[in-house]
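Chains: A, B, C, D and E, in written order; residue numbering restarts at 1 for each.
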């Protein structure tokens, strides 16, 4: 039994179907990386897992529970966190409050996690009293990632977490993904920095036109010349 | 000295009273505006509704011979607030929630709230008729007169006015702390900022909406009752002061509790001081200087007919220099 | 056949709180007529068709009048209330449609000069008269300086102009005359500006149920004035509820006269019908409806020439008809005799413009209640 | 060569915070100049000031020798300076095609008189603009969404649209703010070729903010490094990558940012 | 095509509704409702343009209607010879000169930043100049006003034909909009709303209290009609010709609007609505364009207001109420479908019918309640049931509005985003 099981997923926005049969399995403790051209349906897949759109066919199971079409706010209780690709910070809330909101479902003391986030991203510490909307593009990404860490999730869904980050923080994010993964957190991430991402992935999924086109280990995908040419930029 | 007392009564206190009335209304408006992101036009009639509930309860209690240290209408306030909050949730369920669900824009909700306000107006008049009433039963309204040495006039405030100041101040501070410190308050701001992200972090939108209406409805009941205690209970009174309340909200900055009080006082004082007859203050100077100059009988900045214009002129001036209000409100 | 009489009132809008007794007045008249056998002794009943003018909304007023004239085909109209509404209703529907209107409440002097083909009448005297009477009354009480606060509409402005002119002509001083807006929560600023003039009395020309009551209460609470003066709009039991006995000694006038022979009959009928007989404009409204019914009876139910019939039944000479005496009137008319209605609010001797001369009560407040002192001159 | 953009001791303050602090730099006509620096260094803020979206707190900005400090952005557009936004600023309630078609200026149909009384001329212009827009869409490989609302595009597609708008009309200078972020690498290669072509053939000047070192290395010379609101150094990418200060502030240890090799090997080892 | 069919069906439904009204309420009255609805439709066009196309949150419609109505009154009302024979014109001219000088001075000072004065100082000097100008002007206006009121009542009109009046209504409303826009259009959404709301109150307060100019609350009537009135040719003929006139104007305006809406002009405006930063970066002069559309919209509002006021033949400044002249129009536009001119017409007709028909409908409903209550439960209805019923009129309106919105939250005929390839 995999931790996350997606079978034959069909989903879309309103009338329009975008995902036309996605299959995806992730075992506990794995890193899965989703790559593909722009508009392939990568973000849509993550959103579908998170109950944010109409699922017309197929099923999603998490940890043995059927979570197909469950509303997003319930998923936080399952300890699933997500970093959306766009609009991923509360622009009018301060950085600190953004992190607090990440821990909204927690009733215990989370100051330790908070300190850790500030440690990973020192710029956030300086800006903790500033509204997130006033941050630079990269700083926002840090906030978004930090926010997702706050519930200490079992499964974390990351939609292009490194977009807009300087090389230093890009590697920081990858390191962090590895670190939390080592603690047993399962990671599903969409990346355009595909080479680096696939390098750390246990599983890789290449999506095109709303369907799986390749599924393999990260390494194998990297080494597949076909994949490299059409999706990874040679 | 008399002139000074006159200025305190007719300038400072009068401005503060009307300012508090506007502010108290604006707190509720600014909350709903800030969190649910639409101008809730039915707030005025929610205020009236609250005041009516207070009236009915207080009248029943008064008939039963109940009496207490405060006016009955003030003592029943907690119950009134709860009832009004319940009604606002009901209104939201029936009229606003379906619109939100279908992804309607804020402006559609504004129009729906105009519809709701019309319905409330009809119902209130159907059941209570258009006449006006008093919220004081059996007990007289206390008037405090403070003597000032050297003056034969006295500084005057009434009991409901005093209560009004206190209630306004408490509500503003409480709301500010609620929104900026409490978990639910922050969640409310998060939802208003980015509902889908809020859901992703596990915040239930419905809980937040319900909380907003509970507080908003309660504040409306509070404002309506205080207003009715000070003036009197008329079906159209709150609706008539809805525009200045909105003005106060926006001048203060949308979603800013302190903005509500700043805006309320700006509008209130603008109205009051613009028509204040400043020659009153010149008279003692003239006396001391042995009438070195002649004091004109009336020296108001604008005649009372044009009083209505003043707050709006001021408002536009303020917005030109602070485009999102005094306290940097939200842009929706 | 039913005889429909229209009624246009400000059911919504600024004077809504004055309306219930005004409607009740007209309804009382209709009820009495129907009880006493209806029209022409053949059980033709009268009915009242109500429309709303929103008081300040000319479009709505025209619309309501138009509906009455063109859809309901009323024979005549009681209304409208606010003078602007009356003008709009007359110009747009009643006058082109040849329908007689009697307004029980439009007191603006400007109505006198309306070009109306002699179709628009009123049972409330023009404020031009009342202003003069009130001014003289106040001056004769020994008050020489006043501050006036009037509601900013046709009623208030017209009244204040007339009052001010007459008071100064009598030798008094109007230290300030300022308009205020109706429906606000707070008039302390206005009161402050007025009391800073040091006037002896505050003249409030507004409605007691609206801004007028609030104004006096806030003036009392602030201790700014102790002597108040008011027009007909201020007369009402509401004042006592607002300020208790603090306005005792207030001087006021209102159309009508205590010596009117018909007043007692009307008072009794109104008490029985469950509304306050002395409510503002209620008696005028009753009279308007009764007059129209009488005129219709006289005119054989025809609309053509109704205005002439109205003048005949309302003015001297003729056998006097008092409020409620419908049966008697019908008989007299059937017998071809001339009648003269002496109403609850006046004797309604219409002049050429359709106005009634001012007959006014002098009122004062004792223990929080308005009492009639006698005829004002 | 002469400078087309000259930034002279420009500062921008937000509240008490100096986002850009006494920054002086220039961009040579016909060059592809890179701008890199840590997150929050003030790069986008500088762009916003050059493009007229923000007004500098102090300092002067020259465009082609002319003082343009504080001019609104449409005035800079008129001088043929185009820009993209880091966070996509699409017209979300308009179709993708309309998003592109609105770009060219001096359209007859944009005036009331033209729209009312010159339908033929407007139609002719529209036809040409539409053809141009369709070419751009083809190039960006997003033709299939041309009638989609721009708000419904995927994150990467929005970035492409952002870039597409700068291709709708002639330009002297194009400011690109992180066009690579979120864009598929295969497509990015095509984009880079296109930038090179425009630069070479039509003489466009490009000023490029980027965190993707491959792209910077391929396109840009010189590269300017910003840190804490001012210019830290500038020069050829090879020198920059070896400058210890830049490594410290920007690359964080290794010049390519690949700190993950060790883990990658670990992944291999798992069953 | 399906969109068009849907619209056709909806308008057919509306046609049936009007047919029912014509049958039950008679021709004369129904014509009046129709004419007024068309006048409102003209105003709704203006708002649909401002909000639907450009996203400008104008809540000051009442002010522009009032200004337009006044302009038309001034141009068309018969000449008041008493005024022209008095000193009034000369005194007024004097005031106008002072106003002009004051305005010029304020303008000049507010531009003094150009010669290098620091901003706070400029602001301060501007305010001081403004205050001085205000004092000077009001000092000379007060006696003039009193003189005119005493000698001539009010200034009266120019006695020109009604069409000139309507044109003037558009021009004056547009001119005011230009000034307002210059000052306020930089504001965002709700802040702009409250500023325009304020402007409307200021305009109304002025018209209401400037007795020398407008007779204030004493009202001016009858305003002339461009076609023979009911007294001359009867209700039906008079209103039918007025109807034709407004319908023709409406059709012309509709065609003009459709044309620009589908031209690059409309596209540009929608772009500005969606994202002004991006539009500006794409070379569109956002401020100028917004001003353009704001003025254009207000011109329509002014003309619509004037046609409405002339139809009712009375100018009553008290009668300009936010509920009727601002919010009602908003409801029309939102319910009809913002950004769609057909939607604006549809909304205007539908909402106005609801607005007027609510009165008879409520009365009928309450009549039933009374009858049923009496017959079934022996309930004696309270005497004032009818007047209470009329208060319920607003309830019926409110209920209908919320219900329609609920089923068509994007408007009955929503904005059509052109998806054509």
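A few notes on this one:
Please note the rule applied: contacts are C-beta pairs under 8 Å (C-beta built on N, C-alpha and C of every residue); 3 or more make two chains touch, one makes a residue touch a chain.
A quick map from chain label to UniProt name: A, D = ABC transporter ATP-binding protein; B, E = Branched-chain amino acid ABC transporter permease.
Everything numeric in this text was worked out from a predicted model, so none of it was measured.
Contact with chain A and chain B alike is made by no chain in this entry. Connectivity note: excluding chain E, the chains that remain are still joined by touching into one piece. Put simply, the C-alpha centre of chain B and that of chain D have 49 angstrom between them.
If you average the CA atoms of chain B and of chain C, the two centres end up 36 Å from each other.
Chain A and chain D, compared by their mean Cα positions, are separated by 27 Å.
In this assembly, the C-alpha centroid of chain C lies 75 Å from the C-alpha centroid of chain D. For chain B, the set of residues touching two or more other chains reads 125, 129-130, 303, 305, 308.
Residues of chain A found to touch two or more other chains are absent.
Within chain E, residues 208-209, 384, 391, 393-394 each touch two or more of the remaining chains. In summary, the structure contains touching chain pairs A-B, A-D, B-C, B-E, C-E, D-E. In the complex of the two chains, the chain D residues touching chain A come out as 14, 36-45, 86-88, 141-142, 145, 152-160, 178, 181-189, 211, 213, 250-261, 263-264, 267-268, 270. Across the interface of their complex, chain C is touched by residues 6, 9-11, 13-15, 17-18, 21, 125, 129-132, 134, 140-141, 143, 145, 153-154, 156, 158, 227, 230-232, 234-237, 240-241, 271-273, 275-277, 279-280, 297-298, 300, 303-305, 307-308 of chain B. Residues of chain E touching chain C in their complex: 25-26, 28-29, 32-33, 36, 208-209, 211, 216-219, 221-222, 229-231, 234-235, 238, 308-309, 312-314, 316, 318-319, 321, 324, 356, 359-360, 363, 383-384, 386-387, 390-391, 393-394. Against chain B, in their complex, chain E makes its touches with residues 51, 123, 183-184, 186-191, 193-195, 197-199, 201-202, 205-206, 208-209, 322, 327, 330-331, 334-335, 338, 384, 388, 391-402, 405-406, 409-410. On chain B, the positions that touch chain E within their shared complex are 33, 39, 41, 95, 98-99, 102-104, 107-108, 110-112, 114-123, 125-126, 129-130, 243, 246-247, 250-251, 254, 303, 305-306, 308-309, 311-313, 315-316, 319-321, 323-325, 329, 331-332.
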